[in-house]
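Take a look at the structure set out below.
Note that the chains are named A, B, C and D in the order they appear, and that numbering of residues resets to 1 at the start of each chain.
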Amino acid sequence: MRVGILTGGGDCPGLNAVIRAAAKALFARGVDVLGFRDGYRGIIEKDWITIDKKAISGLLHRGGTILGTNNRDNPFNFPVETPEGEIEYCDVSEQLLENIKELQLDNLISIGGDGTLSIANELVAKGAHIIGVPKTIDNDLEATDQTFGFDTAVTTATEALDKLHTTAESHHRVMVLEVMGRYSGWIALWSGVAGGADVVLIPEIPWSLDSIVEKIEDRQNEGKPFSIIIVAEGTPGPGGEHIIRDRIEGSGDPIRLGGIGQLIGSLVEQATGVETRVTVLGHIQRGGSPSPLDRILATRFGVAAAELAMSGHSGQMVALKGQEVVPVPLEEATRETSSVSLDNQLVLAARSTGISFGD
Amino acid sequence: MRVGILTGGGDCPGLNAVIRAAAKALFARGVDVLGFRDGYRGIIEKDWITIDKKAISGLLHRGGTILGTNNRDNPFNFPVETPEGEIEYCDVSEQLLENIKELQLDNLISIGGDGTLSIANELVAKGAHIIGVPKTIDNDLEATDQTFGFDTAVTTATEALDKLHTTAESHHRVMVLEVMGRYSGWIALWSGVAGGADVVLIPEIPWSLDSIVEKIEDRQNEGKPFSIIIVAEGTPGPGGEHIIRDRIEGSGDPIRLGGIGQLIGSLVEQATGVETRVTVLGHIQRGGSPSPLDRILATRFGVAAAELAMSGHSGQMVALKGQEVVPVPLEEATRETSSVSLDNQLVLAARSTGISFGD
Amino acid sequence: MRVGILTGGGDCPGLNAVIRAAAKALFARGVDVLGFRDGYRGIIEKDWITIDKKAISGLLHRGGTILGTNNRDNPFNFPVETPEGEIEYCDVSEQLLENIKELQLDNLISIGGDGTLSIANELVAKGAHIIGVPKTIDNDLEATDQTFGFDTAVTTATEALDKLHTTAESHHRVMVLEVMGRYSGWIALWSGVAGGADVVLIPEIPWSLDSIVEKIEDRQNEGKPFSIIIVAEGTPGPGGEHIIRDRIEGSGDPIRLGGIGQLIGSLVEQATGVETRVTVLGHIQRGGSPSPLDRILATRFGVAAAELAMSGHSGQMVALKGQEVVPVPLEEATRETSSVSLDNQLVLAARSTGISFGD
Amino acid sequence: MRVGILTGGGDCPGLNAVIRAAAKALFARGVDVLGFRDGYRGIIEKDWITIDKKAISGLLHRGGTILGTNNRDNPFNFPVETPEGEIEYCDVSEQLLENIKELQLDNLISIGGDGTLSIANELVAKGAHIIGVPKTIDNDLEATDQTFGFDTAVTTATEALDKLHTTAESHHRVMVLEVMGRYSGWIALWSGVAGGADVVLIPEIPWSLDSIVEKIEDRQNEGKPFSIIIVAEGTPGPGGEHIIRDRIEGSGDPIRLGGIGQLIGSLVEQATGVETRVTVLGHIQRGGSPSPLDRILATRFGVAAAELAMSGHSGQMVALKGQEVVPVPLEEATRETSSVSLDNQLVLAARSTGISFGD
């Protein structure tokens, strides 16, 4: 029996731990394991490595993925060089399916986010055998109670808040920390509560400058002339407008400059007169050794995916429901994302401890 | 309105975070908060402090408890000095109930483990108003899916395994790590999986030396002349016998010497001839700043307990069920502990990745 | 006897540890200790607290300063409100000297950077008794071999590099990390070596884009399609020009946007075509619990300053020379900063391990 | 040109970083690098690997040594199996020298402690070309101001003290932490100061129980009913007697039981009546990722050793003197260990902050 593994989408602590666990479970039953490089590109271009015991040694606590990932690996829209040396985007999914046959893969474990799993779903519809493993540090998949990588990202953001705290206090400043979360505020909410933020701003809850200023002034009146604001990168501006990061003029480059963090810092400083500093945590949240919890969840997901793959399942994704890892249909899994609701218990608990959501 | 708070039993990361969150939720509704020192002793001897905003500043990330705890605070069996200067153990529960009245406490939030909550239950039966908050780093309460402090303990144990790994590998040694867990193996199981242990020994699964030796030799045959064993302190000996730690002869003292960790190290070294080193992690697991997850859980428990207390409930304990914090009857809560079952999904996943339980 | 303590300038891990150690050494000889709030402002406005044993409890491992700091505390140019409610900058140094007399201070321990110590020097010239303790996370004082806070900042930056590494590798990206160091590149150099950076850019060494691109391409040719660049914030642009961070247009605010990190990221991405991501570490470097080394150095500085203060010295600063803490004249101390020279042994060692300085 | 590398003696964070740096510096000049397994055994038995760019990838932050180490690798007293299957200890140094010739090694970089370097010295006397790199987490070599691994060990011990602190405080207990240091107290001294210990016991300073008890009682009288004691493993008993760890009776095994830590805990508990808990940190101190400082020092040592090796030197050891890495004669290096003197500045500073050395 032969099973392939690939990883797609953005980096996430725990990817290697999934690969390791799946491979160990497959080895135990004598299954050959192929690792494709850079997501679906590895299958399309038959760029793969044999995953053996040596390849997975030491992977449990290592961040990143030994298989690499690639944002441009969509087989339905794949960049192909024309004879004239130009790039054309083509549907190469048939080629991919053929390669799967040629390589005699009985099943494929596809570890990735929204994009990667949606593609998996389409490939399954075309006859491929695929088991999905969900991956998002944002923890915003309705289909699973938790995703690996999230706890590590929350830990990194919380450590940053812990560090900013002492400086805020010593300098009587407002400190703004921008964290990841393009569509959902889970990282900001969890690390805001864990790191003792005073204001938590997330995409799901509209905010007003007045409300933030009021919170900062309330604290000043209580003898606390410093405040900590955490904001998810996808939080809209004060009028609900989407914030596009500024770019260095004329450069046409994708390097990010000021986002919502800087905007909020600027507005708060102008409104309160309190010195304000902004930190954008950036890719630090995606890297590093996974936390123990993430290693465990990644291990469980890897084993469960391997077992599904070996028993001939397809079109399923592994998910955590309560204390159990269970299979759910891939189709369903890629349909709904979870967002922070106003009556979420942690939001309410946060409010009870005095955290303002700027509303 | 007036609510008291106390902490009892062994130390646990997150106690201060519970106190802080409960106090914040109580302050927000104008409730006065009294903090009793050293568990029930503080009520019996009217030794308390006023908890105000200043008292809880900076508590979120601080280990331990500002209220102190005490193993000898049982009001039904309390040490009282007789006029002759001797210690007699008396039932002073009536005195405690009277003090509660005298101090005009509307409710009491009692944060503690088995012992502390059982006493709470008995006091409730005698008419006291008490809300319980469960506390155990062992995570072995049937009534709640998770307890705060557990994730921090698992993190500490996993970091220790990470460190032992490199030495084991460099020196071709067997490293034994003894962690907490008197009756249940949750800490050993979770950190064993997270830290890549080769053998996990827990109270719930009988083990044999042959089986451990086989695992170590299998690894040697695969070119891995080193192994990591993690063992819960409450794991019985090879014949199922309870291991009592040795003491320095004649000293009559309670200082612990060799426990199950040393016994296993000794047996393994004799049986395999491989140099073996034993580390007993000890109280390091109970201390330190709580992990983000534990701070969040502690905050949620604190807020929920305060809300129950303010709405006049009694005889309830807060618990995590799935994603929600809910009240459960104190009585039920103190009845059952949870232990690792042979068909626990994490046990099975661990086996699939090659972990041996020595059975 | 009576000694005052104040902290000035930017935040720095270890300030509290200096205060604690100095106070402990002073208490041991029965000296009263006054803590002035927000640097010299505390003396000018007689805003102080009594530092007693309780005040310093738990300070050793706590970041920041319980005394607060203030960038606008220069007694020679101090903001004073006129009767008309306007702000005028005045020389209030005479008032400060008078307050010192009135408060019967025998000596003053002034903990701060360049600015704070230069003022101390001028005040000494006017008759004040002051002992200086140098503080800069940049470690760029010629007069002392090391300053506290530097090791913590290097540790924070190194941890960030460790995290960026896995993502760079998984995604075949260039990761740019901008760290502190306005005039000197010590933090970038040390953490660049410790974190395995491929390119280190510092104010002292002019760089060219070609040279950076060459390094990145060399690595690609060796099968390493990812690179890590660390850059000190004060590094000039490719033409040697000083980089002023962009601001949100028209806002007139001091919120920082793109600095040298973003510029380099942009240039490198355009020149190599490799996806590049930039992280600006910012104030996270100034916060958090000091590293063990910094706690020790801060403790030694605090004790040495207290001893100098008690023995009636003035106009001296404590400094580390080799293994010993020694006094040096304040005057000399504030004159020269140290910068990274081309023949610095660590620069040469870095080059030997393949690190490029872009030159 | 061809240079060999080996590592000997106990584990120490930074060994891999030395190997990596030396190899990189050697590669840059086209030198072939051989890595011998398990110290001198690798040369004696011609058990070696080619160290190439791939072999050293990712080594900078990895604890342990990829080359392995071995306590039984002395070529002057090497275990050889006789034809009858018995073990005889023989002088195989001639064989080793011959193998060096046969393998056409121009030089050998020997990374190790006392034992390893003494052997190197003897081999040099017999004509071998060897450059030494000192390795000891104890930091007790007179010839170098600091050794790599020490800062990591101090950090691990300090983190343990930080964790024990909160428990000690919450439970009104005495916590004893036993750390490494068989002949010198550097780890106990540095981490004791960094971790805020109340009592520091080291081999160099005789202690009395009365003095320790006095310190604990002084603290109780100041309202601090808890204390932290750190003790180096080599500290003699109260009468100056050497403490041999107890063993499990009749087992004849080398597993360690009670050492000086337990003895002190037992004595203190009996004398004060305060509950006391003992933690023996053990091998955790030797493992884990090296601290940034240790990575830097290891890198500098590795580069310096490679340069000495390439320029044909022999019988030299690299050492840190002030800010510079310099060569010192191997002979001298192995002669003197450094111990903590009573007038060491850090000892005096520690006393000034109230730390008792039990004397």
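In this text, a residue touches a chain if its C-beta (ideal position, glycine included) is under 8 Å from a C-beta of that chain, and two chains touch if they have at least 3 such contacts.
Model, not experiment: these values are computed from the prediction.
Student: Return the chains shared as contacts by subunit A and subunit C, ordered by label.
Tutor: The common neighbours do not exist; no chain touches both.
Student: List the centre-to-centre spacing of subunit C and subunit D in whole Å, with centres computed as mean CA coordinates.
Tutor: 32
Student: For subunit A and subunit D, let me know how many angstrom lie between their CA-based centres, rounded off.
Tutor: Taking the mean C-alpha position of each chain, the two centres sit 41 Å apart.
Student: Quick check: what residues of subunit A touch more than one other chain, meaning two or more?
Tutor: Residues 162.
Student: Touching pairs of chains, all of them, please.
Tutor: A-B, A-C, B-D, C-D
Student: Sort out for me which residues of subunit B touch subunit A in the complex.
Tutor: Within the complex, subunit B contacts subunit A at residues 20-21, 24-25, 28, 53, 60-61, 145, 151, 154-155, 158, 162, 190-191, 193-196, 222, 291-293, 295-296, 299-300, 302-304, 306-307, 322-325, 345-346, 348-350, 352-354.
Student: Using the touch definition up top, name the residues of subunit A that touch subunit C in the complex.
Tutor: Residue positions touching the partner: 7, 10-11, 13, 15, 38, 62-65, 68-70, 156, 159-160, 162-167, 169-172, 175, 246, 248, 251, 253-258, 262-263, 265-266, 269-270, 275-284, 286-288.
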